[in-house]
Every structure is written in C-alpha cells, then in structure tokens.
C-alpha cells in the first residue's frame, strides 16, 4: 500500500462501505466494489460542496459534528463515520459495544411537551411499541421502540417540556 | 361595514398564506399589513409586507388568535379590511362578528354563515334542504342513549360517530358493529364536550376508502354564485391532505356539473359570500355525498387558479368591496391539469414527525408550469409553534401526464437543507402505480406504503454520502483546503486572459 | 441521422437556456448532458445535469464554440442528439453539418436551411418568393459602386446599408441623404469583409421607430407547419431586446393571421424543420415587413409558452425524433397575456455597463402567474466571458392589465445582491406611460429615458441606507452585537414555553 | 446633548443626511428632518440585517468597506459614510478637498480590454465625453468624463488588459 492509497470503512446511517481512496494525477480516485471512480469536491459555500463522481455531480452539505460527519444530499440527511479499514476490523472483532449504547438511549427528536409516558422502569417493550407521546407543532408524535428490550430508566413524566435530544428513557 | 375600494388590508396570518395574500394586495395596489408574533419578527411575510406590527408572544392564542389585539392594530393602522387566510381565525364566527361590529371588512362570508356552516349538524341540514345527497345518517343529535342501537341498525355498520361542533378528528369514532357502540357514543360525547364545549354528536354511515373531492364556489353580494370546478384531495397522511389535483382523474363533465350545481345550491341556501369549498365523499360508483363546507380560502386553492387562470384571492377582495364577480359560470373554462404537493417540515421516515430548526438552504424549482407558494426562504426558522407547512409546489401541464412528469422533475430540483421535508415522500407518491393511473382513495398512502418505505427522488444517496465523507475526511486530515470559489475581483485571471487575446482582438477593431 | 426516441441529449450551451433544456429533458425522461468551460465548473447547469464534461478554458471559442471537442464528448458519452440553445453554435450551419456527418441529431433545422436563411440577402429572396412583404430595397448585392446613387434614389432616404452575412450591427450604416452615400457603402463593405469574410452589402429603406414583432413557427418532418402567435419585442436597449410580450398591444386577429400565414409560407418555402422565428418590422399603419428568420429557439420563447400552454423545447425534441407536431393550427388557442423581463447583470445607470462578481444573494419572486428561468443561484459567479443575462422573469395574467400589475409586483420582490441588475430598469419601463398604454416602438427606451433616469422600484432608498448606516456604525462602535438569529436547538426557549403552558394543555388531553 | 443622543452627517453616494440617533427604552430612535422614527436592526445572516423603520421593514446587505459602508437595499447598491456632525462641519469649512481627489482619478469599472483611448495628456475634456472604451462580456463600454477638466496623466494604452478599479487616467 503506497502513501496515497488508503482503505476505509465508511458507515452511513446503518450501512457500511469499504472504500479505497488514492491520488491520481491532479485528482482523486475511489475504488469501491471492484469499480474505479474519478472524484472531486469543489467548494460552493460555507459547509457546502459540489461532489463530482465521474460525470455526475451532487450538491452536498457536509460538516463535522463530533465523531461523525453530517451529510445532506439529494433530499436526504445522513450521518457518516469514516474509519481506517484496520481500525474498523479491530473494533468489529472486539464486538460492537459502542453502537449498542447509543441505541439504548431514547431521546426526544424535537422540542415539545410530553403528553403520555406509556412505560415504567422494568417494563418489557417490543419493537414498534409507542413509548412516549410528545406534542409539537400541534401534532402528537409517537416515540416508538427501535427494538425489543426492557426499560432500565425513565427520565420524563407526562407534562414535562423537553428540548431536542433530551433523554427520555433508557432500555437495557 | 364600509363598501367601496379597499385601500389597506391587515393579514391575520403568517407563513405561505400570508405571503400569498400580500402578493394579491400588491397586485391590486392595496397596502398590505402583516402581524407577527415575537418569534416571527424577521419572518418572510414581515419582510414582504408594507407595514408589520407585533401581535404578541409566540404561542398562537396570545398572538395570531388574539382577536382584540388584531382588531386594535387594524384600527390603529387604518386598515379597511382583515383577511384571515386559513386556520387561526379564518372560520371563527365570533371574530367575523367582532370585525363587523368594528366596521372592518372581514374578507369571508358573513358571521352568521360561518356560524351556521361551522356546525356540522346544521350544515348537514342545510345540505339536505338544498337537495344535496348526504352520507346516510341522522340529521339530529343523539340525545337518548337507549335508542342508539336501533338508530345504528337503520344506518348500518360500519358507522361514524361525529361531533356537531367537530374538527380535527376530535369527538369522532368509527364503530364496526353493535359491540362497543354505546361505549363509543358516550366517549365521543365526553371528548366533544371537553374539546369544543359542545357534546352533541350524530351518526353517519362510514364509507370505506372513498375519494375526497371538493368543489370551489364563489358568491358575490349581488346574488351571483358559481363553481370553479373540483379538486381531488384523496392523498392524505395523518388524515390531512398532502397532494391535490384538478381535474380529478375520475371526473366527467356530467358529474362535474352535477356536483358543481349541488355546491352552488348550498351557497344559495346559506346566502354565501366570497370563496368557499364544498367537500364531498365520492364512492367507487361515482355517488357523491355532502361532507362539509369550508367557509374560507383552502390551502389547495392554487390548483384551481392554475387551471382556471383566475386569481381567487383578488376575487375575494373584489367581492369584499361589494363588486360583482368578474366572471360568469360560462367564462370558467378549465385548461390543462394541475397538481399541488404540500411541502411540510416533517420526516416521512419517522411517521411524519415535525422537524424544527433553521432552513440552511432553500431553493425552489422553476421552469414551465411550476409555481411555488412558500412561507420560508434560506435562513428561516421552523419552530414548534405553528403548522409545519413550509411551501406548496403547484405544477401545471397540458394534461395529467405532463403535469405528473413536471411534478416529478421539479421535486428532484427542489432543495431544502437543515430540516426534514416531505419532498421525497411526494416524489414516491407521484411515481407510484396507483397515483399514475389515477386509481386511489383516501386510504392510499397507508395502504400502499404500510412500512413508510418512501423512496427518495434519487437513488444511491448513501453511497454518494460515503464518497463525500471519505474525501472530506481525507482533505481535513491532510489539511488540504477545498478550493475556494473564484472571485473575479480579487484573484483576477481576466487581465492575463485578455492580455493573451489582446492582439488578436485589436486586429478586428482596427 | 438516427430517428426514433432520443435517449440522451448533449446541451452545447450554458446559463439559463442550458437549464431550460435540462428541464425539458428531465420532463421527457431523457438523460441531460452538460458541457462546461473551466470557469463554469460549479455552475448551476452543471449541477442540474445528469452528466457534465469539461469542454475547455473560459474563452468561448476554446470551449462552448469548440465544435470538434463537443462532437467528441457527444460521441464518448453516447448522446443521440445535441441541443445548441441560442447563441454560440445555434445558427452555425457548419456545426449542424458536422452533427449530421457524425450521425448525431442536431436539434434545429437542417444545415442547408440554416445556411440559406443565415444569409440575409438569400433570406430576403426566399421571403419575396414566398410572397412576403419586405422592406423596400435591393434583392441583390451592390457590385457596381457607380450605380449606388441611382439605386438609392429609387428606394428613397433615409436608407440602410446592410451586410448579407450580417449580424450584430456590423457592416450596417444608416444613410440620411446622398451626401456620404458612397463613403458609407465602401466602409460597410470593408467592415463586412473584415467581420464575416464576406463583403456583400445591400440596401433597405430605413423605417423610423417601427415595432419589432416576431412570429413563432414550428414545422415537423411530415410537412406540417404552424404559427404560434406573435411576440412584441420593441423594448430594446443597445439594440437588444429587454422586455417582450404576447399578444402585441397592436395585434388584431386579422393581422395575426396574415402575419402568421406569411411566416408559415416562409417555413414551407425553406423546408423548415423545428422551432423558428420570423422577425418583422411593423410601421405605424400596421404594415409589416419581413426582416429575418432566426433558425433557433429564441431567448423570449417562454412568452409564447405561457399563452399557448405548449412546451416549445419538448416539441423541438419530438420533432427531432421524427414525430409529427403534437398540435394543429386550430389547437393553438392563446389565453391571457404574458410579459417577459430579461434580468441582466448590468448597471442601467451607467449605460447598461456589464457588472461582474459573485451573486451574494439570489431570491426569486413567486405567486400566481410568475415563472423565472434563471441561470444563477446564490453564490454564482458572473464573469466577463459570456453574455450578462442572469435570468428571465415571465409573468402571465388574464389580460394585459393583470400581467403588468403582477410584473410590477414581482419585480419589487426580486432580490439580487452582489452585482448590479436590470430589475429597477424593468420596473421603470413597466410603470412608464407609453408602455402601460401599449404605445411604444423600438426607439422607446432612448426616447423616454434620454438621461437614463430609471427610477428604482421603491423610493427613498438613500434615506433608508442612511438610517441603516448610522445604526450599524453606532452598534459597531458601542460593540453591541446585532441580535443573532434564534436557534431553536441551542438557545431553546421552547422548553420554558411549554413549561408555562403545560398544565393548561394537559387538562385537555386528559 | 446627552450621552445617548448623537448627531451625524451620513453621506449616501452624493446625498447628505443630518441624522440624530438616541436610545429610547429597549430600542433606538432617529430624528430626521423634524420627524422621529423608531428603528431597529435584526440580524438575518452574514452581512445581512432586517432594518425596521416604524412599521416598515427592508432587507439590507451591509458591511464595512474601508472608510465607508457598503449598503444594498431594494435593488440599489450604495456607499454610505457616517461622520459625527461636528467633524463633518469642520471638514466642510476646510473645503471639500478629499472628495475632489477621488473624482479626478478615472478607474476601470470592470475587468476588460482597453479598445480605444480617446485622449492624451494635456487634452481638455468636457463632461460626458468618452475617454476610454473597454470591452467586456462581448460589449463595448464607454468610460465618460464625469465633469469638465484637463487630462493630467493617461495610464493605459489601447490593447491593454485591465483589472477592475485599475487607474485609467487622471484629470486635473
């Protein structure tokens, strides 16, 4: 592997991409699934680039946000994490403990008013079950369980006003 | 109420509909006055208006619903008229009455008409009197709980318990069989009582998967009343319209005339004034049933504007000035086809949960047949306080096919970053087989997309995002600045260029 | 030339017209390929296209005029057809021939037709043969300098010396009397020879203050040819159109039919294919005279699209595929009135001097009847290399009055900062008395605004600027930060708000 | 005059405004030509504010540029200079030498190619006379004399490529 050839695992939301990046002349090339792509980014503004992949181009809003990158393109908002391939392999063999922790905390997706809390500590919940109802913009929004589990802790009560990303409860 | 030319209108609303009304005022040379809540102090409707006054804190009932304050501002700034838009005070008969008392023109029907048609049971009686087919049911409220079982048997199951003062699904219950009938009625009465302070409920037969088709009506103060064709509004999520079109795919000239005349009859029966909408349910055999009258401008009114060429808001103003309608029934010649997609700040993949934040970038599609009525611009804030509608995209085409093609194309051009939007959702509806064929009913979204697996307009975003991320990360680590935009004034390559071509060009000039 | 469905089109152009064509491709499900010069690498047409290829350096003759390179890219990417837009290679018969040779469909007339009608003297002969009235003059080029005096006497003064290969005013002279006639002819011959490599000139009578009215024609490869009404293009500056409208204020159904049939005759005589425009001069007595044929899409084509409802670019593609026209003469029923304002990056107060730089903010007007075809977005760069057109705003109304009212309103909503624009200029034209009455000719702008004193759409800007400056300066010195925008996620007042109203709301839920 | 009442002369392009600014409660007030206005600015973005004057509001692009402020509003680009009233009076009585110097240098309004130079050193020019022709964007642009004068110096020749604001010539 030369200095300019680098292999990465990129995680976009839940999907993983095994990507190699290298310099090629003035530009950059990507190898992905046995195909080679000529790629470039040109700045369009603050936090905004034009991504060119061969002859195609997409406007991308991209900026670093903690350990990840916020990426918005073609109407979709995504979170991407870039890891060197070797590191990613290491992490995987050590078990994917990290991800699970994040999944287990249920947060408020928006600021609003907690109308209903359907569960209490120790309850067994099933994927898709409504855990909490939050009112915002005159609508009731159901916060549902992303997977089966057991309620470890509940942080809110009915009638509480919550901010975005405030912890609602934690599953075991 | 002073008649004659209106010189100044206060718009008791916000967002896209306030802007729509400001535009109509400016077209007519009328001064447009905006009101705004504290959180809306830099909103786009404030910037476009000629004058703007703060009407209170963010919470709607302290600002956009603050009747006395609005009247006070109208008085102080010398407004002749108030346009309520839709929502907020638009169907509030008390507010209309307050305007009348204060000799300010309320741009809408008379307060009595609003009160009459706002009561669903009363409206049902008016419809029956005007000879309209109504959904089988009771034309009285259920007073004796002992009789419900026999009344229900006469109508047949499934049936709907509805609140007379109803709206927004409150005090409404679907009952599938005699089991739980009494319980449902009792709970509906309780809910209606608590929500509206009016516990009257009545029965209607429940139609399964009907189409929701509405007729636009217009009436002036000289006894003229006309219909301006229909809008098909069956594409809904959370029981709210999201995509509307005109003409309806199932419409025939005969049916249009029948429904149109029915709607005009109700206008005449209720002494209607201005713009209104008569909503119908239509079953699989093209039988139509009166549902309710919306005594205001509808969200989806531009669909009608696109096919008729008539500016409904300006016509509202004319009628409010006491003028006769600027068109007769025979002048209304619909042309082509129009589709409206409502663009909400919602995440379709999370059950249409509202999305708040700053609209980082807002860029509209354009080209032939495209019109966008928006309440936001780049930098606007979407708060939790109000309806999450950001904009409406209305697309005209020579026929339904062209209108769908243009809609699909325009949606892929539309760019809203910073908050979630329903652009991708609208695109997957437009692309879906049932919509393309025009075969859909009010249950379409839930039925076709049970898993909410709306595809976004373009594919492969995750792979592209991965590519972008890997390049961004690499450049960041290597400290390679992403090439800044050229700036013609600072890093001028022009002089050099011209230097190279100077001799050549001068040869010609000389 | 392969016929059948076109799958992929290369667009040999940039800016608003490239985007207009991309939109037509996408509506039709056709892959749109952009080409771009180095300086245009992030231009909006590149972003909207499905594929984009660099075609050379900024200078047009090394990029957008580089015929071989464009053909090469078309071959390599597998494009079936090339759309040239307007300008650049659109009326270059050599390029059309090169496409034909390479079996790529050139979306336009056949190369012979372009060559024939591109020669003004030949076009004049074709027009005479087709029975069209032409401006009195010679139908041959002036070969014997000794005879000019007697030829000129026959035609009468003032007269125009015009170059057969002409364009852009090169090789053209106005001659007021016999004085200086010979000198003017000789200098015109020299100039034409040097500009076009073709020194042929001819005479035409010079009409003072005529109207410039053009007819849109369309012909398919099956012998059908129709006209789509007229466009009035007399509002000009620097002899270039700036505001166009349809119908023309002086048009009558009879005159339209006469001019339309004349235009169709020339289409038939020249075996025309696709979209074209026949330009006429019209004098004060509604006599019309053939001027020339533009063998391409016009800048102002959307005016016709707005009143006829027909997408001219899609129709060009259909015709290029060998299909028959999708409409017949009797299907074309103009509706309402449309006005186009071209928005240039120019400073009207400095004699329309081009303005370069970054478009800091670009925000379009919207609402009923408004369409904007733009080549720029916020952040776009206006360079010195190309035509300074940024966008076209096209406005439809039920009648001329409504269309003017909406145009005026929309212009005040339009916001372009960072470069100068012709928005204010357009507004003052629309507001001017002659335009409002429809009484104007090609000399209107120079005649009405001899001092270039175009008022801006709104008054009192200097006072407002002074207020803004004094506050800004004060805050800067006092180090008072101008209140930043609220950000719902960071400085959340929501939680507090909901806290206040929590009890109240919960009462209802329970 | 209190600490919060300040009188200024604001020059916008060629026009002068005599303005007093003071705090009033939470906001600001302006006195101009005997009338009092309630004014406020709210930030809309980078270099962009919403200016409110009583019930009216205008979007204004505003930023400092050297000694002046660049102001863009309602389609018009202007340059504003703010001076304390007393200073401005002083400057005026001392003669308006400053302004004149600026007027005498003729600069290129855009980058382009000098096609024609119509004058030479020592020539007498009249207001409105074309001094230089510059080609840009395929069009010829006439640079005209802003007032009568005598040519002191010519800095360009036909065929020279110039950048924006490059000196073309100086009048006496």
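Order of writing sets the chain letters: A, B, C and D. Residues in each chain are counted from 1.
The criterion applied here is as follows: a residue touches a chain if its C-beta (ideal position, glycine included) is under 8 Å from a C-beta of that chain, and two chains touch if they have at least 3 such contacts.
Computed from a prediction, not measured in an experiment: that's the story for all the values here.
**Q** Which chain pair shares more contacting C-beta pairs: C-D, or A-C?
**A** The comparison resolves to C-D.
**Q** Can you work out the whole-Å distance between the CA centroids of chain A and chain D?
**A** 50
**Q** Between chain B and chain C, what's the gap in Å when you average each chain's C-alpha atoms?
**A** Centre-to-centre distance between chain B and chain C: 35 Å.
**Q** Distance from the CA centroid of chain C to that of chain D, rounded to the nearest Å?
**A** Using C-alpha averages as centres, the distance is 33 Å.
**Q** How many angstrom lie between the centres of chain A and chain C, each centre taken as the mean Cα position?
**A** Their C-alpha centroids are separated by 46 Å.
**Q** Among all residues of chain A, which ones touch two or more of the remaining chains?
**A** Chain A, residues with two or more chain partners: 42, 44-45, 58-59, 111-112, 164.
**Q** Which residues does chain B have that touch at least 2 chains other than itself?
**A** Correct list: 42, 356, 378-379, 384, 412, 485, 488-489, 494, 497, 501.
**Q** Which pairs of chains touch one another in this structure?
**A** A-B, A-C, B-C, B-D, C-D
**Q** In the complex formed with chain A, which residues of chain B make contact?
**A** Of all residues in chain B, those touching chain A are 238, 347, 350-351, 353-356, 360-361, 384-388, 412, 414-418, 420-421, 423-424, 456-458, 461-476, 482-485.
**Q** Write out the stretch or stretches of chain D touching chain B in their complex.
**A** 42, 44-45, 50, 52, 55-59, 111-113, 115-116, 135, 158-164
**Q** Hey, which residues of chain A end up touching chain B in the complex?
**A** 6, 8, 10, 12-13, 15, 17, 19, 21, 28, 30, 32, 37, 39, 41-45, 47-49, 51, 53, 58-62, 64, 69, 71-78, 80-82, 109-112, 136-139, 141-142, 144, 164
**Q** Using the touch rule from the top, collect the residues of chain C that touch chain A in their complex.
**A** 33, 41-42, 46-47, 49-53, 77, 378-379, 488-489, 492, 494-499, 501-503, 505-506, 509
**Q** Which residues, counting only chain B, touch chain C once they are in their complex?
**A** Those in contact with chain C are residues 19-20, 23, 26-29, 39, 42, 48, 58-59, 194-195, 302, 305, 309-311, 335-336, 356-358, 363-364, 366-374, 377-379, 381-384, 396, 398, 402, 405-406, 409, 412-413, 485-489, 494, 497, 501, 508.
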